[in-house]
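Both of the next two complexes hold chain A, though its partner changes from chain B to chain C.
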Partner chain A sequence: MMRAPYMVIRVATRLTVPVLLLVLWQALAMASGSARMPRPSAVLAAGLALLASGDLLAGLATSLGRVFAGFFLASAVAVPLGIVMGSVRPVERNLDPLVESFRPVAAIAILPLVILWLGTGSIAAVVIVAYAAFFPVLINTIAGVKRIEPNLMRAATTMGVPAITRMRVVLLPAALPSILVGMRIGLGIAWTAIIAAELAVGAKAGSSGGIGQMMFVFYAYSVELNGIVVCMIAVGLVALCLDWVLRAGLTWAVPWSRG
Partner chain B sequence: MSEAKIRLEGIGKTFELPGVSLLVVDDLSLEIRAGEFLAIVGPSGCGKTTVLNMLAGLERPSTGTMMLDGRAIEGPGAERGVMFQDYALFPWQTVQGNIGFGLRFGPAGRDLSRSEQDARVARVIELVGLRGSETKYPHQLSGGMRQRVALARLVANEPDILLMDEPLAALDAQTRMILQDELLRIWGQDRPAAARRTVVFITHAIDEAVFLADRVVVLSSHPGRLKRIVDIDLPRPRDDSTRKSAAFAELGQSIWELIRDEAYRATMR
Partner chain C sequence: MAVFSVAWYAISLTTPNKLLLPPPADVARALQDMATDGELFSNAAISLGRLLLAVSAAAVLAIPLGLAIGRSRLWEDLFELPVEMLRPISGIAWIPLALFIFGIGTMLPLFIMFYTAFFPMVLGTAAGARNIDRRLVAAARTMGITGTVLMRQVILPAALPAILVSVRLAVAASWTAVVAAELIGAPSGLGYALDYYRSMVMTSSVMGYVAVIGVLGFLTDKALRLLGGRLTPWAAERPR
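For the complex of A and B:
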């Protein structure tokens, strides 16, 4: 009997601040009277329209497809490379300066080169995403391999487990939690990068599709502020969902670290 | 007594650190007999763990020779099982996964079918009293239970020689005594000497060494040198009455007197 009111109170307390902000936003927008000030009510209407037409979901699907393609490409290279760099000192000493000098170069900074080489289509977008996701996965894989408790490898060695098998049955599972954390960060960064890439690519031909390009069209051609805000909210919600799914996946994949 | 299983001759170990070379073990000669329970005690800094690691093949001696059954020890081998001080359990494997690890991925299980491996794991789980915890992960276990898993993993591989590095050090006094009893049972103190495996047991606890071992090797520290080998002629099987006996106390006291001065120096430093 206590349960229902308790739930109501809990939901109400969580929603208080967002609702107050929405009310404040609406009031300020109405008071300003400016056409460049999007209003919550108008954003909601625009969002429903974009959902109904299927444009929003199609744009998100295109972007997500590129993100996953680039993310898997990045992981497929970064995980094996990170394992080698983490376990073979000379390889790490040779490659580390290279990695560290490319790492601060933001994905958006390689965009001009990528467009010149690969054009403005999906391949260019996937490459940018792969570049962005590559570093967090690599860095965390290296760290995970290096942090392995040395006695675990020694224990397997004294049991006569061959070196190649040790990589698979000791090194990989021991580094897995760290690798998955890197993949979670990498996917988040990949999602950020795809929006930036599509926004920038959109300026050129308007043929690349995706949620970022949709925003660009709203901005450059139709000056549709409500549409831009709808896209921003959609981007944020997708990021939230991606992170949620990856967290769940992490807990599922590493049951031994479940507290 | 039986023949030498392992023979150490003039073993020395120097660690080369930046700027210094550190002599940890100096001119250690020792025979370990087949089927004997040998304990190595000494104050901290006597190189006990280094000796064990060299026997395991995880470290190479700087000088001297190590022979096992007449052949030089060149590296790790599955006939020498190791139980590490920190247990070194695989956190992603369950209790049975850990215990069966060497059977699945090492040579110990080469001639066994999967069901034979499972049967052996089940038998060892029974032996160390872990029934009911088969599917738990190490982080879900108490220190005493983790220690049992490590012991069970060692036993499941049925190595010729069991090398144990302070396996009971992290346990409370009661659990420790219970596991000492179990260790002797698993080693086979009720069986004839020929049916026992060879154990090299590192400990800093003198009473533990006296209770378990046939012989206690006493090392001095900085660097580790052989001080004396004490024969423990307490009758087997040993149990709680052994712990209460006057002979037990006397042996412990005599070993303590051998290392007391150095232990004090190490503590006060």
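For the complex of A and C:
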């Protein structure tokens, strides 16, 4: 009997600030007197309309397709490379300066070069995403391989396990938690990068499709601010879902890692 | 590194169109030209200044809020949900709306960077304040220390290493965001220069700016690491 009112109070507390923010937003929009100013009620209507017409889902599907293509490309290169860099000293010594000098260059910064080389289509977007996702996956793979208990590898070597089997049975399971964490971070960054790439391409060089482009069209041509807010919310929801899926995948694939 | 430069040079020799991939020497010359007439430095100064301003403004708000969330159930209940709702919407996704509200100018990159820097700092500070050794707080309480003094003398120093890590993450994220924001909607700064030279098809200048953005990002991170080591010598950074 005592727990119920306590829970009610907590739920009410948790909802206070979001509700206040919504009310404040609606009040500000009404006070501004501009019909274009987005307000919660209009955003809801715009969201339903965009969902019903299928535009929103089509845009999201285009962007997600690019993100997955780029992400898999990045992982396919970064994971094997990271394993080699993590276990073979000379390779790491030689490649590390190169990696470290490219890592601080944001994916958005190479966007102008990518547009120049590959145009403004899907390939350019995929390359940007792959570049963005590459470094977190690589760095975490290297770290995961290096953090393996050396005695595990030594024991396997002593028992005459051949190198390939050693990699499959000892190295990979031990490094997998770290690799998957890298993939989770990489996918999050990739999703941010695709929005930026589509926005910038849309802003500077014409059409490319995708949710970012859709936002830019709402901004520049139809001045449909409610649509922009709908896109923002959709972008946030997709980011949340991607993170959930990878988190679930992490606990499913490596139940031995806690964290 | 040397192999990379040679490979770059070799590929640039076999590329018929110099605009697509200029050889390293051309990029160096472009950098030198832009450095001598000062535009490189003024653009870099503008972008770095915006970074400093936006991140400090975000820190002033985010660190106290993070401490409060980490130490008080009420604050956590009040602010956890809105933070978790807004956080997945990346700063970059705000650009079109912010363009409408602020127009093209300095406010746009500042707002985007502020927003981008805010969440890592709130979450990092809250986690740092939450994971303080309970015995420290209990010991201080036993000695009659409460309120502001407890916060300043016990909780803040104990959470400082975590806070500094979150500041580093925030600066790195903001640095990415400033390039995106300036590329789309600012009349100055490194991102603007990058896109200006792209539209002029001056590839060697574009590559020069890309290099500068990378070097500055690397240097700010180095500087923050050094500062972190100075401020919290007791928390030697674990090798990663």
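Here is the rule we go by: the second predicted complex is superposed on the first by the 238 of 259 C-alpha atoms of A that agree within 3 Å, B and C clash if a C-alpha of one lies under 4 Å from a C-alpha of the other, contacts with A are read in each partner's own complex, and residues count from 1 in each chain.
Throughout what follows, contacts are C-beta pairs under 8 Å (C-beta built on N, C-alpha and C of every residue); 3 or more make two chains touch, one makes a residue touch a chain.
Since the structure is predicted, the reported quantities are computational estimates derived from the model, not experimental observations.
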Which superposed partner A:F218 touches (first chain B, second chain C, both, neither): second
Which of chain B and chain C A:I108 touches, first, second, both or neither: second
Touched partner set for A:G160, first chain B, second chain C, both or neither: first
Touching partner for A:L152 - first (chain B), second (chain C), both, neither: first
Chain A residues touched by each partner, larger count belonging to chain B or chain C: C
Contacts of A:S34 with chain B and chain C, given as first, second, both or neither: neither
Complex contact set, residues of chain B against chain A: 56-58, 76-78, 80-82, 84, 86, 88, 90-93, 101-102, 105-108, 137-139, 157
Chain C to chain A touching residues, read off their complex: 1, 3-4, 19-20, 74, 77-82, 85-86, 88-90, 92-97, 99-100, 172, 175-176, 179-180, 183-184, 191, 194-195, 197-199, 201, 203, 206-207, 209-211, 213-215, 217-218, 221, 240
Residue numbers on chain A that touch chain C, as the complex places them: 10, 13-18, 21, 38, 94, 97-98, 100-113, 115-117, 143, 191-192, 195-196, 199-200, 203-204, 215-216, 218-219, 223, 225, 228-229, 231-233, 235-237, 239-240, 243
Contact footprint of chain B on chain A as seen in their complex: 149, 151-152, 154-161, 165, 169-170, 173-174, 176, 254-257
